[in-house]
Amino acid sequence: MTSMTPAGDFRSSYRADTTIFPTRSSMMATIAGVALLCAAPLVFGRYELGLLITIGFSAIAALGLNILVGFTGQISIGHAAFFGFGAFASALLVEYHVPVPLAIWGAGLMTAVVGLVFGAPAARLKGLYLAIATLAAQFILEDFFARARWFSGGVAGRVTEPYELFGLRLDREETYFYVVLAHVVVMFLAAGNLMRTRDGRALIAVRDHYLSAEMMGVNLAYYRTLSFGIASFFAGVAGALYAHYLLFVSVEAFNILYSIQFLAMIIIGGLGSVMGSMMGAAFMVLLPEVVQAGADLLAGSAIDRTLRLGASISFLREMAIGAAIILFLIFEPDGLAHRWKMIKAYWKLYPFSH
Amino acid sequence: MDTTLLFQLVLNGLIVGALYGVVAMSFVLIYKASQVVNFAQGEFLLVGAWVCWWMLTTWQLPFWAGFLVTLAFMTLFGILLQIIVLRPLIGEPVISVIMATVGLSIFFQALMKWMFGVFAQPFPPIFTSERMRVMGLEVQTVYIASLGVSALIMLGFWWFFTYSKHGLAMRATAFDQQVAQSLGVSVPKVFAMSWAISAVVSTVAGVVVGVVNGVSSALSFYGIKVFPAVILGGLDSIVGAVLGGLIVGVLENLAQYVDAQWLNWGNMYQIAPFYALILILLIKPYGLFGTRNIERV
Amino acid sequence: MRLPLPLLAGALLAAAPAFAQAPIPVGHLMDNSGATSDVGVPYGQGVADTLAWVNQTRNGVAGRRLAVSGFDYGYQAPRAVSQYQSWAQRERVVAIQGWGTADTEALVRFVTRDRIPYISGSYSAALTDAGGTSRRQGVEPAPFNFFYGPSYSDALRGMLQWAAEDWRARGQQGRPRYVHMGANHPYPNSPKEAGEALARELGFEVLPAIQFALTPGDYTAQCLTLKNQGANYAYLGNTAGSNISVLRACQTVGVQVQFLGNVWGMDENAMKAAGTAADGVVFPVRTGVVWGGTAPGMETLRAISRVSDQAGTAYRPVHYLAGACAAMLMVEAMETAAANGGQVSGERIRDGFYARRDWVPAGFQGVCTPSTFTAQDHRGTMRVALYRARVTGNTAQGSVQELMTAGTMALQPVANIDLQRRADWLGW
């Protein structure tokens, strides 16, 4: 994942090399993008806003997973369980009369603590052994949700309150969208900043070569566990946002398939890329919608009638999703973030790009 | 304390554990040869079971013929899968390859439902007597038969890896791909072969599960069950996989016993193997039989 | 003030043709490909055929066709939510035929907020407390959620009443033993406490619950526990796939127990898959008859069945009939809303559900059980019809239809239990 800095881009200090935004124009572009998104509720209906909200909280969770997998090089197959823990924790805090805006961050912190506990084996485990340990965390936490009535309301689930700020109820898509957008901006800036700190660089060092990192004085066990904590914090906040969107949390939602979805998001978006997490989340949320739209177009058309697809369309849709993931990995192994850089480079160098 | 019940549960655990062991073995085989963690292992079982069911009901083949046709089909299936999907991914990060197998699993889940319907289907009776008595426990005959087949497969593996040329080539590849290649081993061929063998072995397990429970898409859940077994034994040990399977089988049954007798917590049956998994990994980070990687700079 | 009335009527009449052309948008959420598709397919087919039949033979509701937008969400709650948003925004649906636990739970707050009646295939008793009068913990008012048939809890209560009578009728001594079996999951657990409480009330000895996962697997250990406990009546709370595994494992180890199935856990397809292991299971059926039975309303159902099966030979499982009844309740509630030139809006459809007592859709006599909904109480029916599964031979060859005609498989009516509409059972 080499960064594509064009020739003539000289940096004369470390400070310049570690800004969040590589250039001034990229900062302006980001600000303009957020400003444009602020206008989204004026343009879009609730269906599109609902999708944007889903992309928003999925992206936060995916970003957390990317810090763990993409930046620190640890595989986790239990991210949805931490996401779920955040959702339940926030609902629980609200039950104890904590205002929702605080409960979301409180849930993040609680999830971070749980993440640290399950991250403890990470100090000793590597690669696939760790991956399977997180799979165990997935099943153990799922069982915990179903069992711990005081925490999750048991299998019946828990009803929770909408987001309320200064007496304003933000419970419609048009309003809740801003809540999610604000959290997305904060979390993405936080992640961008994290990578500029000593801790962030230590995480990357652990990924790139952990033996060398250790020799440079990076405490391996500490940073491996820490990355679990950070990832869980992100997952927890995302889960809480999910909880206050649906206003109902049930254990059924947080299964292994959802964990795999998060993994798919970061792999498709690009491992170790902050913006990639966002692109991957958008891809995975929109893929079924797009395939469905295609299926709707097909339904009743000549192709449908000649092949007598009818009821088969839903199976074809699932198969298309599976195939899309495989084809993506074969033809775009570095993720959407990489492709985006290539496109940018193409235009920057136009007409001299090869 | 009820010793007969306890004994019966341990016995049942061993019988079912042997089946887990077979699936775990086919999983380890792929991992050992090509370093791929196959999340579509459960779908191998599923595809095998459905194809065999189809041979027996729609084509009305006798069991032995249908079973052989299925095995032949699955050999081809494994090879094609490796060539079309996995080969282009050689050299990609582990996690990308994992994701590709997840994609495969989604794809085949849907395909099987599309082709064979969403309803669970029973297998035609294979043995004249569906159950037999083993040391006081009534057991499905097919489980006992599967024990025999599993033992044969394991014996076959032992011979294959110790004496046959291909087996030795596979071991060499597993040990060091570059060295093996420079010694004239065709690595792509070895990869394809390992996928084929794995698919065939999984099919045996898939058919057994299908005969016992009926075939339905939920059968692929056995693919997830092998993870504790595989990790307990160590990812790269075939003997370990079999033992891991046996341990998980017994553990499940004992957990159910303890739960029903004293704890009444519920669900220990399903969750106990995962607690055991975490505990064992804390003590032995490479599983019980896995080789420790000694890393030097 | 006399004058405006005829004027108003005139205006309405003038507007009527415009109304007649605008179809009524309806959402239909189904699972044809996901985890619950084994029961989702026949139920969804029943709903879809019935709505199509209403359009074909009755020209829709009050002259307006039903524009049914079907969506297979594969039992994935996030997709149900996004599809719901699309329906509410683009199609502006006035009612939704929903499906399982996952989507119903995820959408309760949404449909209440948007005032869209949601007729689910999830019969959780927690959905019945429409006015929030029970004040039970974790139960919130769900005034726009409806379902056809007894709630999961009431179905189990009916089976327990039958079991108590059955115990006496067989002249058994002592207290019968009851055990709840199922995964620790919203669906199997929904009626757990209600069932155990009534079992104690009826004099059963309630044994510690036995858990097994929702996926097929080896459940010999559970069956050995069951045998060892000496249970007499066991409730199988899971969906069909894993129940089959339990039935087969228990048959193998020779467990002598009367299994009590549940609405989505036993049907003709599960009987075929389980074979003789399913023989004797008693389970609740939501309609007065099963396919092939005789009732005045069966003629209508055969007509509905021909919508998707022109030959008219297909066998329709129990869920198909239940789906037809659920769809008809919605259609008639819409007709009530549309009566006298009324607007077909979500709220008026909800009120349409309250308009009748002992409500059987016209033409469905003997098929759909009489339902009564009130603004406080969404327990449509307290009647539980029990059937016994009979499987006498090899089910591997041949379709469900052939096996039912050949008599290899059969459904025997056992009893009709009419439960008391007890206030303390509301929402539980």
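The letters A, B and C name the chains in turn, as written, and every chain counts its residues from 1.
Quick note on the criterion: a residue touches a chain if its C-beta (ideal position, glycine included) is under 8 Å from a C-beta of that chain, and two chains touch if they have at least 3 such contacts.
From a predicted model like this one, the values you see are computed outputs, not experimental measurements.
Peer 1: Need the most distant chain from chain A, centre defined as the mean of C-alpha atoms.
Peer 2: Of all chains, C has its centre farthest from that of chain A.
Peer 1: Would you say B-C or A-C is joined by more C-beta pairs in contact?
Peer 2: When the contacts at A-C and B-C are counted, B-C has more.
Peer 1: Centroid of chain A to centroid of chain B, CA atoms only: how many Å?
Peer 2: Once rounded, the distance between the two centres reads 32 Å.
Peer 1: Would you mind pulling out the distance in Å between where the CA atoms of chain B average out and where those of chain C do?
Peer 2: Chain B and chain C have C-alpha centres separated by 38 Å.
Peer 1: Among the residues of chain A, which are close enough to touch at least two other chains?
Peer 2: 143, 146-147, 315, 317-318
Peer 1: Going by the contact rule already set, what residues in chain C reach two or more other chains?
Peer 2: 32-33, 184
Peer 1: Would you please write down the residue numbers of chain B that are in contact with two or more other chains?
Peer 2: Residues 110, 113, 266-267, 270.
Peer 1: Applying the document's contact rule, which stretches of chain C touch chain A when the two form their complex?
Peer 2: Per the stated touch rule, the residues are 32-33, 71-72, 74, 77-79, 81-82, 85-86, 88-90, 101-102, 105-106, 108-109, 113, 126, 138, 140, 184-186, 189-190.
Peer 1: Which stretch or stretches of chain A touch chain C in the complex?
Peer 2: It is residues 45-47, 49-51, 54, 143, 146-147, 153-159, 171, 173, 246-248, 250-253, 288-289, 292, 311, 313-315, 317-318 of chain A that touch chain C.
Peer 1: What residues of chain A sit close enough to touch chain B in their complex?
Peer 2: Within the complex, chain A touches chain B at residues 69, 75, 121, 124-129, 131-133, 135-137, 139-140, 143, 146-147, 211-212, 215, 256, 260, 263-264, 267, 271, 312, 315-319, 321-326, 329-330, 333.
Peer 1: Can you tell me which positions in chain B touch chain C when the two form their complex?
Peer 2: Residue list for chain B touching chain C: 2, 5, 8-9, 12-13, 16, 19, 56-57, 110, 113, 118-125, 130-131, 137-140, 209, 212-214, 216, 218-219, 221-222, 225, 252-253, 256-257, 260, 264, 266-267, 269-270.
Peer 1: For chain B, which residues count as touching chain A in their complex?
Peer 2: Contact set of chain B toward chain A: 37, 39, 85, 88-89, 92-100, 102-111, 113-114, 224, 227-228, 230-231, 235, 265-267, 270-271, 274-275, 277-278, 281-282, 285-287, 290, 293, 295, 297.
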